[in-house]
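Okay, here's the structure, questions in a sec.
Chains here go by letter, A, B and C, matching the order in which they are written, and residues are numbered from 1 within each.
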Amino acid sequence: MFGLDKTDTKLLLIVAVLCLFAPFILNPFPTSSGLAQFNAGYPDLMQRFVIFGIFAVGFNILFGLTGYLSFGHAAFLGVGSYSAVWMFKLLSMNVIPAILLSVLLSGVFALIIGYVSLRRSGIYFSILTLAFAQMSFALAYSVFTPITGGETGLQLALDDPRILGISQTAGGNIPVPALFGLEMRASWDLVLGDWQFTFNAGYYLCALILLAAFYMAIRIFRSPFGMMLRAVKSNQQRMNYTGLNTKPYTLAAFVISGMYAGLAGGLMASMDPLAGAERMQWTASGEVVLMTILGGAGTLIGPVLGAGFIKYFENIFSKLNDNVLHGWFAFMPDGLENLMVTIVHPFVGKGWHLTLGILFMLVVIFLPGGLVEGGQRVGRLFRRRDIKSTGPEAEAAQQRNAAE
Amino acid sequence: MDAIILQILNGLDKGSAYALIALGLTLIFGTLGVVNFAHGALFMIGAFCAVTLSRILTLSRTTIDETQTDFLGNPLKVEVPYAHDFFGPVVGDALIDWAVPLAILFSIPVMLLVGFVMERGLIKHFYKRPHADQILVTFGLAIVLQEVIKYFYGANPIPTPAPDVFRGSFDFGAMVGFEANQIIYPYWRLVYFAFAALIIGAVFAFLQFTTFGMVVRAGMADRETVGLLGIDIDRRFTIMFGIAAAVAGLAGVMYAPINSPNYHMGMDFLVLSFVVVVVGGMGSLPGAVLAGFLLGILESFASMSAVIDLIPGINQVIIYLVAITILLTRPRGLMGRKGVMED
Amino acid sequence: MGILEVKDVGKRFGGLQALGDVNLSVQENSCHAIIGPNGAGKSTLLNCLIGKLIPDTGSVLFDGQSVLGRTPYEICQMGISRVFQTPEIFGDLSVLENMMIPIFAKRDGAFELNAFSSVFAQRDVLEQAEHMLAEMNLADKRHMHAAAMSRGDKRRLEIAMCLSQNPRLLLLDEPTAGMARADTNNTIDLLKQIKDERDITIAIIEHDMHVVFSLADRITVLAQGRPLVEDTPDKIKGHPKVREAYLGESA
């Protein structure tokens, strides 16, 4: 289907189903139950899942395929956000032109930064991208205040021109981002007994775009272009002596992944029309690196999983406090209960980053292929039990699968 | 002229910190071939050693002093530091006042231990892994270390003053024969610079004049050959990692009065220190020191109002601009060797 | 006039004269070997031939064009394919993919952003790759991870990758270094077969006498950076100067 082979079509369909039914899947617990805190099916969080999914999928096109580790990808996210907000200020509140401009401008930005940074490789490349991103951050924070809003960030105002739209609504408010009249914040609730499911227009727009982005990523991975990129990662020396200048390939990958980041930034601003410099900071770049590695760099589904995983647990863990913990361990004797709460306490709530850091280290040390590799290992364990006799052919095929 | 000297002086303290961190980074990189993103965290841990010692010294018990009363006539509750009980009030107060310099002694064993544990427990397993993996795992470690510190010390900066005698400033200009009140310089920054120079000198002397240093330098040049000579290079490299950690830690301890320690100071310095290492040339110790001071001073010049008026925002980006320029035109940095990290 | 002309090439490293007055002419469709004891300047000469090192004096012409200062991909586009001392293949990719890449490179020339068609939809490339693998007896390994192959097979694949681009000159740098005897003989047979079946010039830089004498039409002996003699293998074998400089040690 769509020019994909069977496994890839299956993968795309799985992601499509997950996206479509996310409001159900993420809200498995009735609202009144104690487990409702583990629900994640509200619009704001679901939007973040897919937006960061797009960001990570794009980052993976660069890092996963070419092995170039960029530590400055958040700069493109920031550029995307700023462009979208400017579009809302100047043109109209329609999200389409805003998103288009985000992708375009971040692509141009990525072309410039990539052209310069790709003159070096290895850690020098990482440091160049880091330097560029930090520079963008510092400038957005200070000198470029007229364009970026500086410390307060870029916000909409009542007196923005919006030449194709309205400066303010009849009620004297700032209009909200919309897709041809469909407001991004519009939601419908479906109440089924004790369950409540929310369907949000903005989320479904993001999800559709994620699907498109994911589909494009599959096509790129399976294309001759993608194969060339993997070849660059595998052996640059041989690639050069194959008569190919590798630089246009890596640059194209860099620009494409920068455009993905810009798309994510534009969507972020479309969901919530403001943009701040902190979106460009290197910690934000670090986050997308974490997502990609955690999920599995170089795999198709990995970055999406990684983004979802991190955003979900960030949300859940940050909400946990001592009261909740006491609730959990209430079945234990008092002393033990307090002990358990004391032990768990540093890792939840504000300590979420500690858990994330530890988790990330464990993945890098023991599971360099990320969650996807973990899943495959578990899968293989089961399969080996089922089929005892595996010939060398099947073994090789399995190795090949694992490599992909 | 005055302004120039002032800017050079202003750049010295930050330059010293850059130089010390970059020195350790380069040592680790040169000896172990590991790109350590957790090095900034070591600097931060050093600064928190100062905070910790100062907290230990000011641990107090509350007593009721019958001789004094508050305005209601009740006996006054007084906090008496245990230091007074142990050392008497005069020595006790002096100890509290000198907490930061004393923390040097306290931090050395702590930092060495942290360094050894880090190298044996984690870094060791990454010698043969790609640089990207090393960056990633130490990046994770940096997050963990900074979150642990945040957990114990909170998110706010903790003011940690220098000893009383070093507080305030002096008229450096008048001392060296310029007009008075033109070049005012805080005492502690001068102390910091002298301290940094001392440490740098000590590290170089150690590498230059001891057998241990000789082996390490040889190992930096050609690890395999030294290994073949039957010298246990790994153990020496562990010690070297400890020393690099201690250098970063000491830089942090003494920096505490200049910049109140907070949990993310390590990361702030790390990014800049990497730039310093690259500018100096990967694997070159003198390069790291030189580049540290140069960039510190350059940054200070870029913050002059005359310069900012000319090129707005230059103070924010000067270091990155220099780094990008150097990387593109002289990828080996100012004093880097051929063939280091060029793949 | 040969296809590869080395004229008066000299190169100094500090006080060391690595190469001096090297003149060499590789005739089209011949197999020319360059041998010499360690330190004779073989690698330096090789680096000059591929444009990596620029000699202080002299010129290196391939088909009338200078190769000096060109990037590796330009060298390859000129028609020189290089086989490395340790096989350089794409270890993370499958054998079939390894085989397809040079064919893509040859077909599409420089950069082509072919990002939306599947690799396996490129029938012509796929067929060529399969054909080449079959010819090289690698067809049964086509789904293997290239890094998992034996050293001999890796060498075979590397040579296949080079040949798939129909180069005019195949440049081999000690192709049997570190190989077991059986693998060495296999490689020699393979190269002989290539020599017989294709219109291709082979230049080989080698240490191993056995390899050189079974393959070469002409041999240049290099000693201390200078060409000592150039002749047919039979004449070289009996040459007193060569015995003295090189074979003497082992004979």
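Here, contacts are C-beta pairs under 8 Å (C-beta built on N, C-alpha and C of every residue); 3 or more make two chains touch, one makes a residue touch a chain.
Small disclaimer: the values here were computed from a predicted structure and weren't measured.
The touch graph of these protein chains is an open line.
With centres computed as the average of Cα coordinates, no chain lies farther from subunit B than C. Distance between subunit B and subunit C, defined via averaged C-alpha coordinates, is recorded as 52 Å. The distance from the centre of subunit A to the centre of subunit C, with each centre set as the mean of the Cα atoms, comes to 46 Å. Distance between subunit A and subunit B, defined via averaged C-alpha coordinates, is recorded as 35 Å.
On the subunit A side of its complex with subunit B, the touching residues are 67, 69, 116, 119-124, 126-128, 130-132, 134-135, 138-139, 141-144, 282-283, 286, 289, 293, 346, 350-351, 353-354, 356-358, 360-361, 364-365, 368. By the touch rule above, subunit A contacts subunit C in their complex via residues 3-5, 219-220, 222-228, 230-231, 233-235, 237-246, 248-249, 252, 256, 396-397, 399-400, 403. Put simply, subunit B touches subunit A in their complex at residues 35, 122, 125, 131-133, 135-137, 139-144, 147-148, 150-151, 267, 271, 274-275, 278, 282, 312-313, 316-317, 320-321, 323-324, 327-328, 331, 341-343.
On the subunit C side of its complex with subunit A, the touching residues are 71-73, 75-77, 81-82, 84, 88-94, 97, 100-102, 104-106, 108, 110-122, 125, 143-145, 148, 158, 161, 165.
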